[in-house]
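Next come two complexes, and both contain subunit A; in the first it sits with subunit B, in the second with subunit C.
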Partner chain A sequence: MSSQESMERKEVKKGLLEKFPTPIKKLFNWGRSYSIWPIHFVTGCCSPEFMQLFGPRYDLERWGVLPMMSTRQSDTIIFVGNVSRKMMKRALRLYEQMPEPKNVVVIGACATSKGPFPESYSLVRVKDYMKVDIYVAGCPPKPEAQAYGILKLRKKILEGEEG
Partner chain B sequence: MVDIVGFVQANLPIFIKILLFPGLLFIFGFVIFAVWYQRKYLARIMLRMGPVHCGKRLGWLQLVADAMKLLTKELIIPRAANKIVFIVVTFLLPVIPAAMIAVIPFAPGYAIYPASGYSLLLFFAISTLFPVVGILRGWAANNKFTIIGAFRMIYLDIAGEIPVFLASTGVMIWAGTYDLQKIVELQRDMWFVFPQILGFIVFFIGFLGMIEKIPFDIPTAESELVYGPNTEYSGAMFLNMMLSDYANVLAWTLLMITLYFGGYNGPAIFPDPIVNGAFWIIVKLLIAISIIFTIMITYARLRIDQAIRMGWSYLLPLSLLNILLTIILKFFLFGGVA
Partner chain C sequence: MNTQEAIEKLKNKFGEKILEASSPRENRLYIKVSNDALVEAAKYLREELGFDMAISAGGTDYPKKNVIELFWIIWSSTDNVTLILKTDVDRENPKIPTLRDIWLGVQKFERETWELLGVEYEGHPNLKPLLLPEDWNEGYPLRKDFKLEPYRAPWGDEEK
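Up next, the complex of A and B:
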C-alpha cells in the first residue's frame, strides 16, 4: 500500500454530529464518552496486559467500555501489538466497516513506532494509515497505562477534541 | 373536521393501556432496565463492578448514554443488501413481541386485547411471525453470517416452539379454557406449576430456546458467526434489534408467569393477595429474569445439532407424555374438575 493511498484514507468524513448546535452536540458527546464500544485488533504480546482491562481488577465497564463483536456496532479500534504490512490491509478493512464517528487507540511501542524493530521490512506504523487519537507508550504498557489511555480518549470525546 | 380531543377522551382507558402500562412505556422501560440489570448482574457474578460512573453510584444512566450514542451513529446499508427489506424489518420486528404482550392480563380484566376468550391461541399465532420476520432480517443484509444466523434461528425456533406449545396444551386441558384471564383466576388456590411440573420443565427449556439467551444463543454465536443476524445493523437500527430481542424475552417470560406462576395473583400462602394488581406480576418478572441471567452466566453454549436433538427427541415426547398424564389426572382421578 503506497503512502499516497494512505494519505487519502486519512480524510475523515464529517459525522452527523457536526450539523447540530453546540448544546445538543455537548449532550451527545456526553453520551458517546460514556459508551465507547471497542473492537480490539490484537496482534502482539501486549495482549496479556490488554486482557486485564475487562477483568475484575481494571474493569473498564465502569465507564461503559463494552467490547463488541461486530464492527458495525463498535466505535473505537484498539491496536495492540505489532502490525505488519499484510495485517494493515485487514485492519483498514475493519476500520472502514465501522460507522462514523470513530476513534483509533494505539497501544504499545510496536504499533506506535515499530518499537524494537526500527529497521524491519514488514512492520508499519499505524499513524501512516489512519488518524490516531491516543498513543499509549510502553513495551508492553501496564494495564493501568492502557486504562489511562482509554480514559484519556473518553475525556477527549467529552470535550469534543478528537479527530 | 375530526374531533381528536373527543376521540381521545372517549377512548382514554385503551389509550392508557396502549401508551402507558402494558404497552409502549412499559416495554421501553423494561428493556432499558433489563439491559442495565443484566450488565450489573453479570458483572457482579464475575467479581466486577459493572457500569458505575455514568449516573451516581449505580450507573443507572448507562443505557441512556448508550442509546444517545447509537442514535448519532452513521447508518450503514451494505451495497449488496435489499435496502427496503433491510430498513423495514428493523421497524417490524419490535412490533411482534409488543403484540404478544397485548393479550397478557396484568390485573383482573386489564389486558389490551382480551381476544374474546382465545388469548393463549392468539399469543402462539402471533409468536410464529417472529422467526418469519427474523429470517428476512438475515436475508436482507446479504451477508453469510447473517444468513447462517437466520437459518439457525429458524431451526431453533421450530425445535423449541412445538414443545412449548404442546406443554401449554397441558395447561389448556387442565384449566379447560384458552382464556389467559380464566387460567390466572383458576390459579388463585394453587399455581399450575405443581400439577403441571413435567409440562413446566419442558416449557422452561423450550422457553430458553425461544428467547435465544446463552445456553441457546446459537443464532448469534459470538465465536462462530460474528453477531448472527444482527451483524450488519449499525446505529439506530441496532437499537431496534436490541429492543425486539428484549421485548421477546419480556413477552415469553410474561407468558410463563401467567401459565404456571399465577399471573397477577400473589403467592398462595396469602388467602387474600396483598396487592391484587400489577405488583405481583412485576415482582415475579424480576425473579424470573434474575434466574434467566444466572443461567446465562453459568452454562456454555450448546451446538445447533445438540439443541435440535434435545428439542425433537426429548422435549417433544415429554410434552406428549405430559398431555397424557394431564388427561389421566384430570378426568380419571379428579373427575374432570381442575
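Up next, the complex of A and C:
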C-alpha cells in the first residue's frame, strides 16, 4: 500500500435503484432487508460479544444475516472495536470494494467516539470517514444490543431510509 | 550463578562505568551502565554470565533530568535470572548503538522505541514505522511534551 493513499471522507453515491418507480424500489428493499450479508471489521475487544450473534443462542441467520468473507459480495460493513488511523486506510479500501448500495454499522464506544481514549493520537472515529447508518452504544455492548442494532438496520432498509 | 557474584564480577570488570547495580530479590538483577560502555557490558553479560534470551526493550522520557532512560530486559535460561539493563541517553540528541547484534530478539522492540520515543539506534537495519502510519510526521507520541489536545474528539454531534 502506498503511503499517499487518500484518507478523505467517502460520500455515498446514489445507486441505480433511485431511477426505478416506488413499487419496484419497495420490492427491492424488501428483498435486501432479508439478506444482509455483512463483512465484519473486527479489531477490538467487542469481538467476543459479537461472535455470539452467529452462535446458537442469538443466531442472526434467522433474519438472513450471513457473515461473508468477501467484500465484493457483501452489502454491510460492521466495525467492531477500536479503529486506528493506520487501520482506517485498510477499512476505506474495503468500503470502496463493496458494491452499492452499502450500509455501515458501528458497534462499541471506541469506533463511535474514541470511547475511553478521547485524546488518543492513534484512534479515529468511523463517522469522520464514511456515512454511518447505525450506532450501537456500550463498552462492550451486549449481544442483545448488537442484534437489536442489526435488526434496526434491517428495518431501516425495509423502509428505504438508509444510505 | 548468584546475582551478588554477578554484580561483583561486573564491578571488577567495568568499575566506574557501572552506575547502579542491585538485586532486590532473588532472580532479579538491575544494572545501569553509562552509555559508552553499553555494548561491552552487553557482550560480557551474554558471553560470560549467560544472559541469552531477550524479553523486551523500551524507554522512558524524563524531561526534567533531560534524559531518556532506555532498558533491555534479558533472561538467563541457565540460571533463571531476569536482568534489567538500563542506560541514559541525552534527550536532545538521543543516539545509542543497537544491541540487536548481541540479542536478535530486541530488534523489533528497538524499532518500536525508535518510532515512539525518537531514539536513534545506530546500526539497526530496519528503522521504519511499526505501529504508527507509514507517513507519520507529527512527533514522538511517548515523549512527555507531546501535545494530545489536538487529537481530542469533540463532544456531541457536530454534523447537524
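Annotations
Criterion: the second predicted complex is superposed on the first by the 153 of 163 C-alpha atoms of A that agree within 3 Å, B and C clash if a C-alpha of one lies under 4 Å from a C-alpha of the other, contacts with A are read in each partner's own complex, and residues count from 1 in each chain.
Just so we're on the same page, contacts are C-beta pairs under 8 Å (C-beta built on N, C-alpha and C of every residue); 3 or more make two chains touch, one makes a residue touch a chain.
For clarity, every value in this text was computed on a predicted model and none was experimentally measured.
In the three-chain model built by superposing on subunit A, subunit B and subunit C fit together without any clash.
Residue contacts after overlaying the shared chain place A:120 against subunit C, while subunit B stays out of touching range.
In the superposed three-chain model, the partner touching more residues of subunit A is B, compared with the other of subunit B and subunit C.
Seen from the CA centre of subunit A, subunit B and subunit C lie at an angle of 110° in the overlaid model, rounded to the nearest 10.
In the superposed model, A:52 lies in contact with neither subunit B nor subunit C.
Legend: residue contacts after superposition of the two complexes on their common chain; A:85 is shown touching subunit C, with no touch to subunit B.
Of the two partner chains placed by superposition, only subunit B is touched by A:72; subunit C is not. After superposing both complexes on chain A, the closest C-alpha pair between subunit B and subunit C lies 25 Å apart.
Interface residues of subunit C, counted against subunit A in their complex, comprise 131-135, 138, 141, 146, 148-149, 151-153, 159.
Within the complex, the subunit A residues that touch subunit C are 1, 3-4, 85-86, 89, 113-114, 118-122, 125, 127. Residue ranges of subunit A in contact with subunit B, taken from their complex: 15-17, 27-28, 30-35, 55-56, 59, 61-64, 66, 69-70, 72-73, 75, 97, 99-101.
On the side of subunit B, the complex with subunit A involves touching residues 39, 43, 46-54, 59, 61-62, 64-76, 222, 226-227, 230-235, 238.
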